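Read from first to last, the chains carry the letters A, B and C; within each, the first residue is number 1.
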Amino acid sequence: MSANALLSVENLSVRFGGLAAVSDISFDVQRREVFTLIGPNGAGKTTVLNLISRIYHPSAGNIHFDGHRITGLKPDGVARLGIARTFQNIELFQHASVLQNLLIGRHTRRYGNFWQHLFFTPAVREAEHAARAKVEEIIDLLELQHYRDTIIAGLPYGVRKVVELARALCVEPRLLLLDEPSSGLNAEETNDLAFWIDDIREELGTTILMVEHDMTLVSRVSDRVLAMNHGELVALGSPDEVKSHPGVIEAYLGSGREVSALRRPKR
Amino acid sequence: MRFIFKTSYDQDIRLAKHSGHVFWYGLLLAALALAPFVLPVFWSSLITMVMIYGIVGLGLMLLSGFTGLFSIGHAAFMGVGAYMQAVLTALGWPFPIALLCSMGAAAIVGAVVGLPALRVRGLYLAIATLAFAFIVEEVLVRWESVTGGNRGLAVGMINLFGWKTSSPTVFYYICMVLALLATLGALNLLRSPTGRAFVAIRDSEVSAQSMGVTLAYYKTLSFAVSAALAGLGGALSAHMLRFITPDQFGIVQSIDLLLIVMIGGLGSVHGAFFGSIFLILTPQAIALAKGFLPPAIGQTVGLQSVVYGLVLMAFVLFEPTGIYGRWMKIRIWFALAPLYRRGLLKRQRSFQKTDRLA
Amino acid sequence: MAQAGGDGVHFLQQVINGIAQGCIYGLIAIGFVLIYKATETVSFVQGELMMLGAFLGLVLITVLGIPYWLAIPSTLLAMVAFGILLERVAISPILGEPTFSIVMLTLGIGYVARGAVMMVPQLGTELQVLPVPYRDQSVVFGGLIIGVERLVVLAATALLCLLLFLMFRFTRIGIAMQAASQNQAAAYYMGIPVRRLNGLVWGMASGVAAIAGLLLAPIVMIDSNMGFIGLKAFPAAVVGGMASLPGAVVGGVIIGVIESLAGYTLPEGFKDVAAYVVVLIMLMIRPNGLFGDQVRKKV
């Protein structure tokens, strides 16, 4: 594991029953990098994310975060270390408002034990003010002011995706895991997302590991890309390197001969 | 229609959101405080019962309505509190200390009952709570040296550090103060990180964990707190009834408690008290109506059960948000009229797709 | 209790009684599992349906004077129809609501059923006995004395299980039910009349509960609180695996035998809670039950 690597994944594998969902995946994510996992559906990308955020337990391999071995931790443990994530199918708290959802994102920075909460001491009130102030910064960044008090169940899909992102940012994570952040978003919203990812990296200093399908977005924001297929690593490198890798093209489009048959003849 | 311009975080955080809240709840408190002097003892005793069951309902509401953990044996915690209170009072312990110990005992039992919650969820958890409830009831029956078994146990008078009293008025005020404190405590929890963690667990355990919520701690805490409140209610009802038997805290009573939270309005503090009012006043209403019904219906034992069942079914079918939900809808209608749209608060139907793999 | 033919025989006696009782639990659990498998709905009303079946049989035989061999099928048909009606009127409107709502609805139906029965003068308020042709007869087998009513329970349960197995394996309705239980929308697209099937499932569950009631009635007395025995169906279903029909019966039998032996060997009170201790142990070591399946939500 190199000195500047924030996250290090070594020989990670997981089996579900007889199916090897992820086989022997290894990669590093450098600090302040935007690292993207790509691959066709069923390649195991979200599974890798779930393994890192510890929702699944690996059958083999190790994960290190900032020098700590996190393979044995529970999901709340990795959140406390500074890893936050969004979900592919939005997992927001449906019956709470946007504000409540974002405040739960501050849970790792909460103040007070049960008794202090029960009596709602002045110190707890102060801490609530501080939490609210921090949440407002994220609301400003992602322009959610209109929706602050709206219940999630009443929000359009695109807004919910942004709230997912906002909630993860409220954790003030060092590593942000994004699972298909642009799925379901139109071109304009995806454009906004690209700017936000840049902002998050520049202003907040957060490292980003994301799973994505939208190649334009991937090329635009990523520093490095890892392509997967059938749970295995196919290519690792800069976006251009990976996009032109024959194995990657085959995974998406079929064998090389079929691809050249598709190419339009040059005038 | 009231529109609140917000200029400080405290406006969101504080309990009384605007002057209207202060006025109406103040009025309610004043009315409750004056009730024993204005109403006959029978009616103020009824209000006492409402407050006691409101406390228990509050506990169950925190557990099931706000944390999403369903407990269908909650009356067992009332039983633990009631018997603990009876035994300690018989030993001469002062009322407040005995009360705290009863709450503590119930909380410990609650934490134990909550252990399956760390492994299983949903229906399985509900069945586990049912199992625990039967076991606790059986323990109360068999541990005759302490509880007197099925013969029952007499409960001594309230002992306030020497001054013993069985005055209904004193008891009314004790219950009122305790109900007030319990409600404030619950509201405080709900506006703090603890309460938010509860709601997070209810709505999505996976993402709650990913936000750093330790499931084991908060689930156990929720069980303990709700059991403590049920124990408090049990202890108070022990003093009210003066004589307790194990079958007062069995499965039928547990279902009655579920009635409270469902009819009152799942997921609201108001709901605990609305439901409690329903539970306590319905038998009285039936008694009043008996005179108007033909004897074939009015004089039977089963009428109360039928009424409970029909009202429960009606609420589930037509008003799943309970009395509180209906009240909010009426208020919104008045606030929005004539711009109220029929479909404003309609629930969406969803197709059922199983998460099972077989 | 009088010893007859030594401890070994007595032990066997308890086991057989336990199996018979367990079959009752299993039958109620079958109804519960049928509904759960088909609609992921939790029904707390199986016990009350059992009680209603027993009562209906009682009314037909004692009040209307219908002979036993005619009353039983009539009761069955009536209860099946009642189950279908119940599903149509009360359950299908709220399909898709959270589990808690549906549970509360079934509890509400239970309240109404208990209350309605208690309102029937004479019949509803006192303990009743169901007159059956095989009343008070026993079979002697070696040193064992087995009441015929218990043998009838065993035979009827076995027959019913066979019929259900054949139905799900080989008939179109059975396969359609399985499809609808796994993915409702897809079942609709395949032309499966999901709503009608749901009604049928409830009818079947009600019928099976009625059979349980008619089998149990000669063994215990009939009264409006008889339905609470049905609560033991839940431990049976958990032990067997919540979505497994054979598991429901096996779970019920296990609970019944353990209960019977607990009453025989352990001090007073253990018999009543044996079922619940077993279910707690099961939930801690193997929540999915003996024949259960894995549940994992994909995120």
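Things worth noting here:
Here is the rule we use: contacts are C-beta pairs under 8 Å (C-beta built on N, C-alpha and C of every residue); 3 or more make two chains touch, one makes a residue touch a chain.
All of these numbers come straight from a predicted model, not from anything done at the bench.
With centres taken as mean C-alpha coordinates, the chain found closest to the middle of all protein C-alpha atoms is B. Relative to chain B, the most remote chain by averaged C-alpha coordinates is A.
Note on chain placement: the centre of chain B and the centre of chain C lie 32 Å apart, centres being C-alpha means. Mean C-alpha position of chain A lies 41 Å from that of chain B. Each chain gets one centre point, the mean of its Cα atoms, and the points for chain A and chain C are 49 Å apart. Residue numbers of chain A whose C-beta contacts span two or more other chains: 55, 87, 91. Residues of chain B found to touch two or more other chains are 206. Shared interface positions of chain C, i.e. residues touching 2 or more other chains, are given as 299.
The residues of chain C lying in touch with chain B in their complex are 39-40, 42, 90, 93-97, 99-105, 107-119, 121, 124-125, 181-185, 188, 224, 228, 231, 234-235, 238, 242-243, 268-269, 272-273, 275-277, 279-280, 283-284, 287, 293-297, 299.
Chain B contributes residues 9-10, 12-13, 185, 188-189, 191-197, 199-200, 202-204, 206-215, 221, 267 to its touches with chain A in the complex. Across the complex, chain B is touched by residues 53, 55, 74-76, 79-80, 84-85, 87, 91-96, 99-100, 103-108, 110-112, 114, 117-120, 124-125, 128-129, 132-133, 167, 171 of chain A. Of all the residues in chain B, the ones that touch chain C in their complex are 64, 70, 116, 119-120, 122-124, 126-128, 130-132, 134-135, 138, 141-142, 206, 251, 255, 258-259, 262, 266, 296-297, 300-313, 316-317, 320, 347, 349-358.
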